[in-house]
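Same chain, two partners: chain A is paired with chain B first, then with chain C.
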Partner chain A sequence: MIEKLTPSRVVFNIINYSLMILLCIVCVAPVWHILMASFSDPRTMMATPGLLSWIVGKPTTEGYRIVLSNPSIITGYRNTLIYVTSATLLGAILTTMGGFALSRNTKLKKPLTIMLIFTMMFSGGLIPSYIVNMNLGLLGNPLALIIPGCINGFYIIIMKNSFEQISPSFEESARLDGAGPLTILLWIHLPLVKATVAVIVMFLVVQNWNSWFPASIYLTRRRDLWPLQLFMREILVQNDTKMISAAEAASSVSLVNNLVKHCVTIVGTLPILCVYPFAQKYFVKGVTLGGVKE
Partner chain B sequence: MSKATTQKLPQEQKKRSGTSWKRDIRYNWGVYLIYLPVFVYLIIFNYLPMFGIVMAFQNFKPTRGFLGSEWVGFANFIEFFSRGEFPQILRNTLIISVLGLSVGMVSAILFTLLLNEIKFTGFKKGVQTISYMPYFISAVVIAGMIIDFTSSNGIVTNFLVSVFGIKRESLLTNPSYFWWINLFSGLWQGLGYSSIIYISALGNVSQELLEAAAIDGANRLQRTWNITLPAIRPTIATMLILNIGSLLNVGSDKILLIYNPTIYSTADVISTHVARMGLERMQYGYSAAVGLFNSVVGTILLIGSNYLSRKLADTSIF
Partner chain C sequence: MKKSKKSKKVLALSLSLVIMLSLVSACSGETPTSQDPTSSAENSQVPESTDGEDAAESESKSDNLPAGIDWTVHDTFTWWTNSSANDYYASYSDNPVIKYLEEKFNVTFEFEEPVAGTEVQSLSLMFGTGQYTDLVSMSQYQGSWDELWEDGVIIDIAEYLDYMPNFVARMEADPDFKKNKYNDDGQIRSMNSYAEESTKSWCGLVYRRDILEEMTDGNVQFPSGNDEPETIEDWEYMLPLFKEYFENLGLVEYAPFILAYNGFFSFGEVSDGFGVFPFNFYVDETTVYYGPGEDGWREYLTKMKEWYDKGWIYQDFASRTQDMAFAPNPALTYGNAAGIWIGTLDHLGDAMSDPDSDVVYDVRPMKSPLAEGRTVADQLKHLAPTYYGTGSNYIITSACENPAKLFAIIDYMYSEEGGMLTKYGLTKDQIPANDIVYTANGLNEGAYWFDDSGNFVYNPLLDAGGGSLLGDYFNGEKIPGYLRNSYETLAAADKVRNAYDKWCGSDELTNKMTMPGLTLTDEEEEAAKGLTMDLFLYTMEMTPKFIVGTESLDDENWNNYIAQLDAIGRTLMLEINQAAYDRYLAR
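After this line comes the complex of A and B, so read on.
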C-alpha cells in the first residue's frame, strides 16, 4: 500500500522508529554491560555506577583466565555438551518416530493421539514424577537429565502435522514396491520433513542447554555430573565463588569475584547467543506450526 | 499436490475404517512398532506419575511405596488450606500471574502493531531478531543478572536511588519490590518471543480491506482498531485461554533462583511452595496434594475460559 507522507505520518514514524530502537537497546544493554564488565578493570568498574557502554579502566582478560582454567567450569561444560547432544538426539529420534506413527491411517490413530494430548493438558506434577523417577533409579544418575523430558507432546504434534502434509500417494506406491513403514519413514518421508526436524532439534538444544532444575534435584550430590548451569548457579546465584577464588587468595577477593561472575555469565551464554541468530528463524517456524489447530 | 491430498483423504479414511482389526494389525504392525518406544515412554514418565497422584491422599513414605503408605483422605488438602501461609501463597500466585499475563499480552500486541507500521523490511527483521534474544538466555543467568543489578550497588538500584530517591538496599530483600522485579524481568525476556504468534497472525489481515478503508478516509488508528485487531482476535483469544489455563502455574524456575526467606511474603507461590515442601522437607504426600490442587484448578480455568471464549468470541481451542 502506497502511503502519503503527511506531517502527522512523519511524526508517527519518527516516534515509532525511535521506540523500536529504544526497545532493541533495552534488550541488548544488560548483556552488553556484562560483556564489557568482563573485560574491565574491577576496581574502576566498582566506581562506575551506570550501564557500561564500553570497557572501563585497563582492559583485562584475567577473569577469563581464571574461569577457563577452572576444573569445575571445564567439567560443567563437558557434562552439558554430553547432556545436550544425547537428550537432543534421543528426543529428535523419538519425536520423529512418534509423529510419523501418529500421522498414519491406523485404527488406533485417534485413541493414541488423544492419549498424547491428554499428557499436554494434565500432568502428575513435580512430586509424583520425582517419586517415579526415584523408583526407576534415576537419583544420582546422569540418565535423569537425558530420558525424562526428552519427549514433549507439543513437538510430536508438530511433527505429526508435518508428516500429514505429505501426499499419501508416496506411501502407497512405496508399499506396492514392498517397502515397510521404517523404510518409508527413513527414505521417503524424512527428507520431506527435514525443516520440521530442524525446528525440533533447535527447541531441544536450547531447552537442554539452559536446563538446571532437573539436575538440581536429581544430581544434587554428584558434582562430577553437574551441567554448567548448576556451577553457574553456585557462582552467580548462591554467591559461592570459593571454588574459583581459592586459587586466587592473593588478590583482593571480592573484586575478583565480581569479575569472575561477569566472565562466567559470558562463558555460559556465549554459545547459545552465537547459535540464536540462526536458531531464531526455526523458533519462529515452530511457534507458528504449533499454532495450527487440528 | 495439496489438492490431490485433500481429495484422496476422505476415500482413504472410509476404506480404512471399514477394515477389520486383523487387517489393520497385518497392514500396520510396523507403524505400531515405530510408536512403541513413545508409548512406553508416555506410560512411564507421564501416566505413572498421574497414578502417583494417589499419594496426595496418603501419608506417603518412599520406603512403603504407593501401595503400602497409610491413607489419610483429604488431610493433606486440609493442612494446606488451613496453613497460615495459604492466603498469602494464593494471593502471590494470582497477582504475579495476572500481572504477567495482562502486561505481557498487552505489550506483545502493542509491539506487534507498532512493528507492523514499519515498512522498511530490513529494519523490521532486525528489530524482531534482537527482540527474541533475551528468550534464549538461561534462567540461571537471568537470575544472576537480576541479583547483580538489584544488589545494593547494582545498576538498577543506582538508577532508582538517583531518580526516585528510594532507600539504598539490596532490592531482593525488600518484599515490596519483588512483583515488579519479576514482572519486568519476565517482560524483558518474553516480549519478543510472545509477539511471534501475533506477528504471524498478521498474515490474515486483508490488504484489500485496509486499502479500501484508507480510500474511504479511515485514519491509521481506525484501520488498526477496526481491521487489523479483529483479524488477529482469534489468536488473541486462543493465547488468552491458554494463559488463563496456566494461571496458577507461575514459572517457578526464576522465582526459585531469586527468592529468599526475607521476601517469602510476596515471592512464595504455589509451585515454589511445592518444590520447597516436597524436595527440601520431603513432605511428599502434602506437596503432591498442593500440586494436585494446582492442576485441578488449572484444568477448571482452562475449560471455563474456553467455554466463555466460545460463547463470547466464537473462538475455542477444543
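After this line comes the complex of A and C, so read on.
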C-alpha cells in the first residue's frame, strides 16, 4: 500500500520523526557522553561543562587500564556470567513449562492464573522474603541470586498467550501419532513460539545482568561471590574508587575517580549493549505474537 | 485423551502445589531462638569472673591478657560495619590489626559488610529479622535506639565496666567524655573512639591566591592587615578582584564565590562569622540555640544577598542541588572560573593546575571570615569534640554469647598500646604470622618504629609518611578505642597541617558546638517527632530565596519567617532541647 502524502500526513510525519529523533538523542546522549569521557583527559574533562560531544584533552586509556587490572572487576565479570547463564537457562525452562501448563484447558487454569497475577501485583516484602531465603539456606549462597528470582509471573503470562495462539489441530494430530505432553511441548509447540522464547531469554539476560539488589542483601559476607553490578555500584554510588587503585587515588583523587567512574560504566554496560541489537529482530514479533490471528 | 487429561492435571496440580508452598513458606520463617531479642535478659547477665585455680591457670597460659576471662577457649564474634573495600583487601576480616587481635586474643571476627550505599537498608533488615551481629556500627542507623533498647537488643555497657579498666580510666580522666557516654538513666549504650582533640576536617574554605597576586601585581594587601584573609572585609577586597579577573578573561559563567545550593555550608563556614550555625541546634556552655532563627542569621543573609546582587556569588548556586558542598561545580573550579569555594586537601597548592595551560593555580586554605564586631569566640567548633562523635558508634547486641570477652578486647584498644594500633598500625614484631597485607605491600618493617634516639618514625611507604599507601587501611581506625592526635601521623605534610590550622584553628577558642548526645524523655521524644527535620526543610527552602531576593529581608517579611519557624516548632524544640541539655550538664 502506497501512503498518500496529504498535508496533514506530512505534518504528522515531521512531528513524528522529530519526536523520535529527540527521543533517540535523549537515550543516546548520556551513553555517548560517558563513552567520550572515559577516553578524555580527566583534568580537561573536569573543566568542561555540559555533555561531551567528542573526546576532550589528550585521549587516554589509562582509566580502562586501571579498571581492567582490578581483580574485583574480573571476579565480578566471572560471577555475573555464571549468574546470568544459570538464571536465564533455569528461568527460560520454567517459564516455558509454566506457560505451557497454564495454556492447557484444565480446571485449575483460572485459579492458577489468578494466583500468578496476584504475585505480579503483590510481593511478600523484603523482610519476609529474607527470612524465607534464610531458612532455605540461601544466605551467603550463590543460589540466592539464581533460584528466588528465576520465575516472573509476567513472562509466564506472555508464554501462556503465545501457546494459546497455536492452533489446537497441531496438538490433536500429534496426540493421534502418540505424542505425550512433553513431546508436544518440545517438538510441536516450542518451535512455533521460539520468537517469544527469544524475547523471554532477552528479558531474563538483561534483568539478571543488571541485578545487584539480591546480592547486596544475601551475599554481604561473601564478597567473592558479588556480581559485577555490585562492584560497579560501590564505585559509582560511594565514589569509593580507592578500591580501584589506592596509589592513583592518593596522587590525584578527584581526577582519577572521575575517569574511573566513566570507564567502569562502559565496562559494565558494553556487553549487554552489544547483545541487544542482535535480539532486536525477535522483539516485535515475539511480544505481539499473542495477537496474531489464525 | 484420558491419559492426556490426567497428565495435565498432574502438571497443573504440581505447579499449584509449588506456588502454594512458596506462599505458605513466606509466613513460616522462624527466627533462630539464640538471637531472639527476648532472650536478651539471659545474655545480658554479667558472666561471673573465673576466680580461683582455673583462672590462674588460664592467665598463666594467656600472656598478660586481661584477667577474669578464659582466653584458652576460642570464640567467634560477628561484626557489622560499613564496606571497607580497598586496593589491599576486600573485607575488614583481612585488616592486619584485626588479624593481630585475633591471634592475640584467640578469637575470630566474622565481618558483615553491606555494599556501599545500602548500609541503612542492611541495618534495618538486620534488626527487622533479628539476625543482628555481636558488634554493630550504628553511624547510619536511622531507626529508634529506644526501641532497640526496649527490645533488649542493646547490651548496657555500664554493666561490664569491670572488664574495661582502660575505658573507665579514659572516662575518669575526662569528665566530658564520661558525661557524654552515660545517658540520663545511667546506661552506656554505645562506644566510639576517644581522642584528646577533635578530628581534623578534610575540607574547608579555599581561595585562588594566584589570581589575587596577578590582579595586584604581587601586592596583595588585606584590609585586616593579615597575610591571609580572615574577615568579611578581606573577602570584600578579594571578591571584586576575582570578578574583574574572570570578566577580563571574557568568561560568561564564573563564580568569585561558590555558595552551596541551600545558601549555607553545613559545617558553618561563613555564617559562623556572624555568630550563627546554620544546621540544627547548637549549644554553648549553658544554652541551646537555633541558628536560622537568630539575628546573626539575618545579618548573614543580608550580606549574602548584597554579594549576590553584586555578582560575587555564583549566580546559579541554587540550581546546583546535586553538588556536594566540598565538591562544587568542577567546570568552574577546574576551569579557572572560581575564586573561593569549599575545597578538599587534594585541591591545595598547584594540584589543580592544567599542565597544558599557563595558569598555575595557587589554592590556599583560609579561615572562616569574621564579620565586623565579631570575635573567634562567636564562631563554632567546626567539628564536634571527639567524644561527641569520633569514629563509628558501636553497640554490643544481645546476640553476643560472650560479651565479657568482647568488652575486654575492645577495652584493650582504649589502652596506650591499643591506641598505637588504631592510629598507626602494627610494628614489625606485631605482624601476625598469617598476614599477607603488610608483607605484600612491602611493610615488612611495620607501619612505624622508633629510631636510635627514640623518635617516632612513620614508614615512608605510607601516605602519612610521604608514601603512596593509604595508611588508614593498615591501621585499625575502624575499631573503637583510643585515637591519637592526627598531627602526629601527619607531621610530614606541612601543607595539610597548615590547612588544619586554618579550618579548625578556632576550635580551641570557642565554646559553641553542635549538641552532645542528649537523652529525651518519652514525652519529649513524642512532642519533638519530626520537628527538627521540618525546621531544617523550611530553612533550606527559605535561605536561597532570601539570598536571590525572591523573599525580602525587610522587617515584616523577616517577622513572618520567624513566626513560621515558631509555628513549625522552633520554640518548642528549643525548650525540649534546653531541658535535655540541662539534664546533660547535671549528669
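Criterion: the second predicted complex is superposed on the first by the 248 of 294 C-alpha atoms of A that agree within 3 Å, B and C clash if a C-alpha of one lies under 4 Å from a C-alpha of the other, contacts with A are read in each partner's own complex, and residues count from 1 in each chain.
Simple rule for what comes next: contacts are C-beta pairs under 8 Å (C-beta built on N, C-alpha and C of every residue); 3 or more make two chains touch, one makes a residue touch a chain.
This structure is a prediction, so every number in the text was calculated from the model and none was measured.
Undergrad: Quick check for you: in the superposed arrangement, does A:Arg221 touch first (chain B), second (chain C), both or neither?
TA: Only chain C; A:Arg221 stays clear of chain B.
Undergrad: Is A:Gly98 touching anything from chain B or chain C once the two structures are fitted on A? First, second, both or neither.
TA: After superposing on A, A:Gly98 lies in contact with both chain B and chain C.
Undergrad: Counting only touches as set out at the top, which of chain B and chain C does A:Met36 meet: first, second, both, neither?
TA: neither
Undergrad: Per the contact definition in the header, classify A:Pro111: touching chain B only (first), chain C only (second), both, or neither.
TA: second
Undergrad: For A:Gly268, select first, second, both or neither according to whether it touches chain B, chain C, the two together, or no partner.
TA: Touch status of A:Gly268: first partner only.
Undergrad: Which holds for A:Ile158: it touches chain B only (first), chain C only (second), both, or neither?
TA: Neither chain B nor chain C is touched by A:Ile158.
Undergrad: Quick check on the superposed pair: does A:Asn16 touch chain B, chain C, both, or neither? Answer first, second, both or neither.
TA: first
Undergrad: Pick one for A:Ser72: touches chain B only (first), chain C only (second), both, or neither.
TA: second
Undergrad: Pick one for A:Val26: touches chain B only (first), chain C only (second), both, or neither.
TA: First partner only, chain B.
Undergrad: Compare chain B and chain C by how many residues of chain A each one touches, and report the one with more.
TA: B
Undergrad: Please write out, lowest number first, the residues of chain A touched by both chain B and chain C across the two complexes.
TA: 46, 49-50, 98, 101-102, 104, 106-108, 112, 115-116, 119, 124, 126-132, 134-136, 180-181, 212, 217, 233, 237
Undergrad: Which chain A residues qualify as touching chain B in the complex?
TA: The contact residues of chain A facing chain B are 1, 3, 9, 12-13, 16-17, 19-20, 23-24, 26-28, 30-31, 33-34, 46, 49-51, 94, 97-98, 100-102, 104-108, 112, 115-116, 119, 121-136, 147-149, 151, 156, 165, 167-169, 180-182, 185, 206, 209-210, 212-213, 217, 229, 232-233, 235-237, 239, 261, 265, 268-269, 272-273, 275-277, 279-280, 283-284, 287-288, 291, 293.
Undergrad: Which residues, counting only chain A, touch chain C once they are in their complex?
TA: Listed in rising order, the residues of chain A that touch chain C are 43-44, 46-50, 57, 72, 98, 101-102, 104, 106-109, 111-112, 115-116, 119, 124, 126-132, 134-136, 175, 180-181, 212, 215-217, 220-221, 223-224, 226, 230, 233-234, 237-238, 240, 242-247, 249-254, 258.
Undergrad: Which of the residues in chain C end up touching chain A in this complex?
TA: Residue list for chain C touching chain A: 1, 3-5, 7-9, 11-13, 15-16, 19, 25-31, 83, 85-88, 90-91, 110-118, 121-122, 125, 128-129, 131, 253, 327, 329-331, 333-336, 344, 346-347, 351, 354-356, 463, 468-470, 473.
Undergrad: In the complex formed with chain A, which residues of chain B make contact?
TA: Where chain B meets chain A, its residues are 1-2, 4-5, 8-9, 12-13, 16-17, 19, 21, 24, 28, 30-35, 37-39, 41-42, 44-53, 55, 60, 62, 65, 111, 114-115, 117-119, 123, 126-127, 129-134, 136-141, 143-145, 147-149, 153, 155, 158-159, 162, 188, 191-193, 196-197, 200-201, 207, 210-211, 214, 220, 235, 238, 253, 256-258, 271, 274-275, 278-279, 284, 287-288, 291-292, 294-295, 299, 302, 317.
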